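Next come the structures, one after another.
Shared chain: chain A. Partners: chain B in the first complex, chain C in the second.
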Partner chain A sequence: MRGAGIVLTQELRDLWLDGRALALSLAFSLLLSVIAYLVASNRALNFLEQRETVNLTLQVAVAIGALLALLTAADAVSGERERRTLESLLLTPVSRLALVTGKLLGALSLWLAAFAITVAYVWFLGRGVGIAGDALASGIVVGTLLAVFLTSFGILLSIFSPSNRVSLSLSLFLLLALFAPTQLPSGATSGWAGDLLLRVNPLTAGEHYIGRIVVNGRAWNEDLVWLASPAAAAAVFAALALAIGAHYVRLGGGGSE
Partner chain B sequence: MTAAVEANGVGKRYGSLVALEDLSFTAEQGEILGVLGPNGAGKTTAIRILTTILEPTHGTFTVAGVPHTRPAEIRRRTGVLPESAGYPERQTAEEYLRYHARLFGQSRESARTTAAALLDQVGLGDRTKSLIGTHSRGMRQRLGIARALVNHPQVVVLDEPTLGLDPAGQQQMLAIIRRLTAESGATVLLCTHLLAEVEETCTRVLILSRGRVVAQGTIAEVARRAAAPRTATIRIAAEDGERAEAALSPLKVEAAGATLRVFLDGADSNEPLRLLVAARIDVHAYELEAARLSDAFLAMTEAP
Partner chain C sequence: MTRAAALLLAAALAGHAASAAQAAAPRMTVSVDRTAVATKLGHTFVIRSTLTNHSATPAAGLIAHLNVLSLEPSLYVDPEDWSSHRTRYLTPIPAHGSITLSWKLAAVNAGDLGVYIAALPRSGRAVDPTTGPLVHVTIADRRTLDAGGILPLALGIPALLALTTALLKTFRLRASRAGSSSGRALRT
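On to the complex of A and B.
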């Protein structure tokens, strides 16, 4: 996979040196600063416990970090197509699989950067109660699984979308759909159907796992069942993105020639 | 000697739409083959099939001796300047070429050397560190040529390399193509709308119309085969104008003072002279124009 390494190197250079990833990371850290300020204020007023402030901040960081990776992935192929630079890549002997792998890993770098930024906030909010380590460990596991799932989904959209706009719009729609259950009233998620919805949805399941560790103080291996959905989504969509990408990265959108 | 490019009955269909039908031709090593055709003739489809971007629906081809069933090997030996290629605005010319050289399997050091040498060859040696976004159309096209040569290809495919360039830019581009192909000995498929460009640059031509090959050969052969109408320009004394027109009445004539342009339209080339001599009219000059590629092109590609 030497070709994938070359593509990844160039992707990282394009993302991080031309400023797009830096700008997104800056916006992410600003958002996290606002969230941290609000939860810290609420804690000072005794509206939130310290564990809950860490949990809330970490959950937002995981969701937004994965969103950044998703948006970057959604631009990966359709963006090249729209900028008319895809053909020159397809004219090289590098395989489509290597091309997709390099772009997928490049998009994941956004999540890793977001997590690196999150470390400081979680450490600051969690100091004194000894939960920062567990919180960060659960955050990196859940966030990485979600980022792999969403990045792979974004790549798939990008391969088949006729334009960048379609790809980005569908990505945002997906994220809103995954977020929707978190906004339901607690009564709606208390029955078996609600419980199933929480467990099947990779985003809600992953965030629930973080909550169990950070708020309830559970051990990492006590609620692993909540990681089943994010892990399955990550594995299935990554395999789909690589398998489909290896054959359907084409000059025309919609997988057409 | 193995042909550089050989296509046998290559075709491409999209459902019931025929984009290309039975493309068969051979391009020898070191020659510049012009690929001509009006819009929608199937030129770009043909180019994309031969460069392995598209898969043919039927037929076979080889490029540099490699069969079409091994597309990665073909890409290794082929350099392509696609029509209206895009360029990453925020990369420098040197970075762009280095990246592509690396994608073709070169080491970091080799890619750096290749990029520097090619930028010098296409006259961009002084712009290696400038962002492509700041480059003019002509500079981008030259960069595209450099990118097409980054893997030292045996076959170079240039799709409309002078598109959007001013006349000086076109001449410069053609000079670069001629020089680079002479130096490298590569075979060039030059796809263009500009017939003068082909007459000036190409050793042979391939004319496509509605997805089919309608002619191929040297320019003279194609023009002759197309039976393109030939003309004769005759100069006479101004006072003989009316009499000459009357004498040449069996043929189509355009008169402009003492100069007559006669359309031979299949007639013997001596026929106008015979008619004028019979009418006792002095002929001061007689110039026969050979059939031109543009006439052949129009004759072969016009709608029935």
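On to the complex of A and C.
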């Protein structure tokens, strides 16, 4: 685990001191600022619509925060390979499991930073309607599960992708595919197949759970079944990323030497 | 003359049919547990209504419906926001029996509003709905969003992050320049 700590420290230094993560966080905060300003300056919103706005802000934060973590993870191995720094990294006396663990945790730091930025906005929008605490608590739980799932998936793609371009494109495609069901009209998801799709897809299930707590004022334990899919996806993909990463991080993409 | 007589006969028949339909429907009344509610924006409150069947036959196939309206023209009200469960399909009410329904409402707009409950037949027959008395709801306003406070937050957080990014860049630029100048000094 000491090796993972060393890799994590180096990853955090590369991400945060080189400015890439800070620049992404700045763009993220600008997006939340625009949403918060549009909401707060709208005097026609009723009480319920304010709760819906807190929900929207939180869902955008979870989605974009997870996206940032996914993109960073998708660059983790294939990026090193493309920059021709992977060889020297593999020659260091650090196990491949430690290498993947450190990179996974480093990518997750983007989600944690995104959530830290979100706290101020959600607190501002939600305190008047008495939902800030519940919104933030549900946001950190759901967002962390989704970030772990997407980061692990990004690492897996990065391990097997021959180039960074392939890894990043596949990551974006996956994210858009997971988000697509959120745009379906409510009637399309009212049948058993639609309901199953929403429950099985970790993204829609997680966002649905947040909505039930923030908009409908439901108790934490009432809709816990909606957390099953994000929790299972996080556990399975994290285990897969670590297990596969420990054996298949190689100089060439696609698992070849 | 003949035409006027035919019209009169048609009107009389129509009136007879309507009154026969009214007579066939069980006699119902709707009452509520209170006629005035005063609360604050964001709070929830409950209105209980009692539907009583005064006739000697059971009243089956009834729907109870709650409606919310603004008593001020300037206030827009969407009843769906106030209660997500506004229509109830009732089980038969026995002869001379009654049924009590609880309606949970959320106060989503401040102002003066009216709430009433109506009972209608599921058959879709053209009869007047039976309505209960209007419940006058007064919702006191309270500040739930500080519109003036958003600017410092919306500008402050990106500004803080931009400043941190700029400071880090400057620091790293200086460090690399210092490194290259010391390298030059060493070479010379």
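Here is the rule we go by: the second predicted complex is superposed on the first by the 247 of 257 C-alpha atoms of A that agree within 3 Å, B and C clash if a C-alpha of one lies under 4 Å from a C-alpha of the other, contacts with A are read in each partner's own complex, and residues count from 1 in each chain.
Criterion: a contact is a pair of C-beta atoms (placed from the backbone, for glycine too) under 8 Å apart; a residue touches a chain by one contact, two chains touch by 3 or more.
Predicted model, so just to flag it, every value in this text is computed and none were measured.
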Partner chain in contact with A:Q59 - chain B first, chain C second, else both or neither: neither
First, second, both or neither for A:S158, with chain B first and chain C second: neither
Partner chain in contact with A:I6 - chain B first, chain C second, else both or neither: first
Chain A: partner with more touched residues, chain B or chain C: C
Touched partner set for A:Y121, first chain B, second chain C, both or neither: second
First, second, both or neither for A:L22, with chain B first and chain C second: second
Those residues of chain A which chain B touches in one complex and chain C touches in the other: 18
Residue numbers on chain A that touch chain B, as the complex places them: 2-3, 6-7, 10, 13-14, 18, 83-85, 87-95, 251, 257
List of chain B residues in touch with chain A within their complex: 14, 48, 51-55, 72-73, 75-76, 78, 80, 82, 84-88, 90-91, 95, 99-100, 102-105, 147
Contact footprint of chain C on chain A as seen in their complex: 17-19, 22-23, 25-26, 29-30, 32-34, 36-37, 39-41, 43, 45-50, 117, 120-121, 124-125, 128-130
Chain A-facing residues of chain C, complex: 41-42, 78, 81, 106-109, 143-147, 149-151, 153-155, 157-158, 161-162, 164-165, 168-169, 172
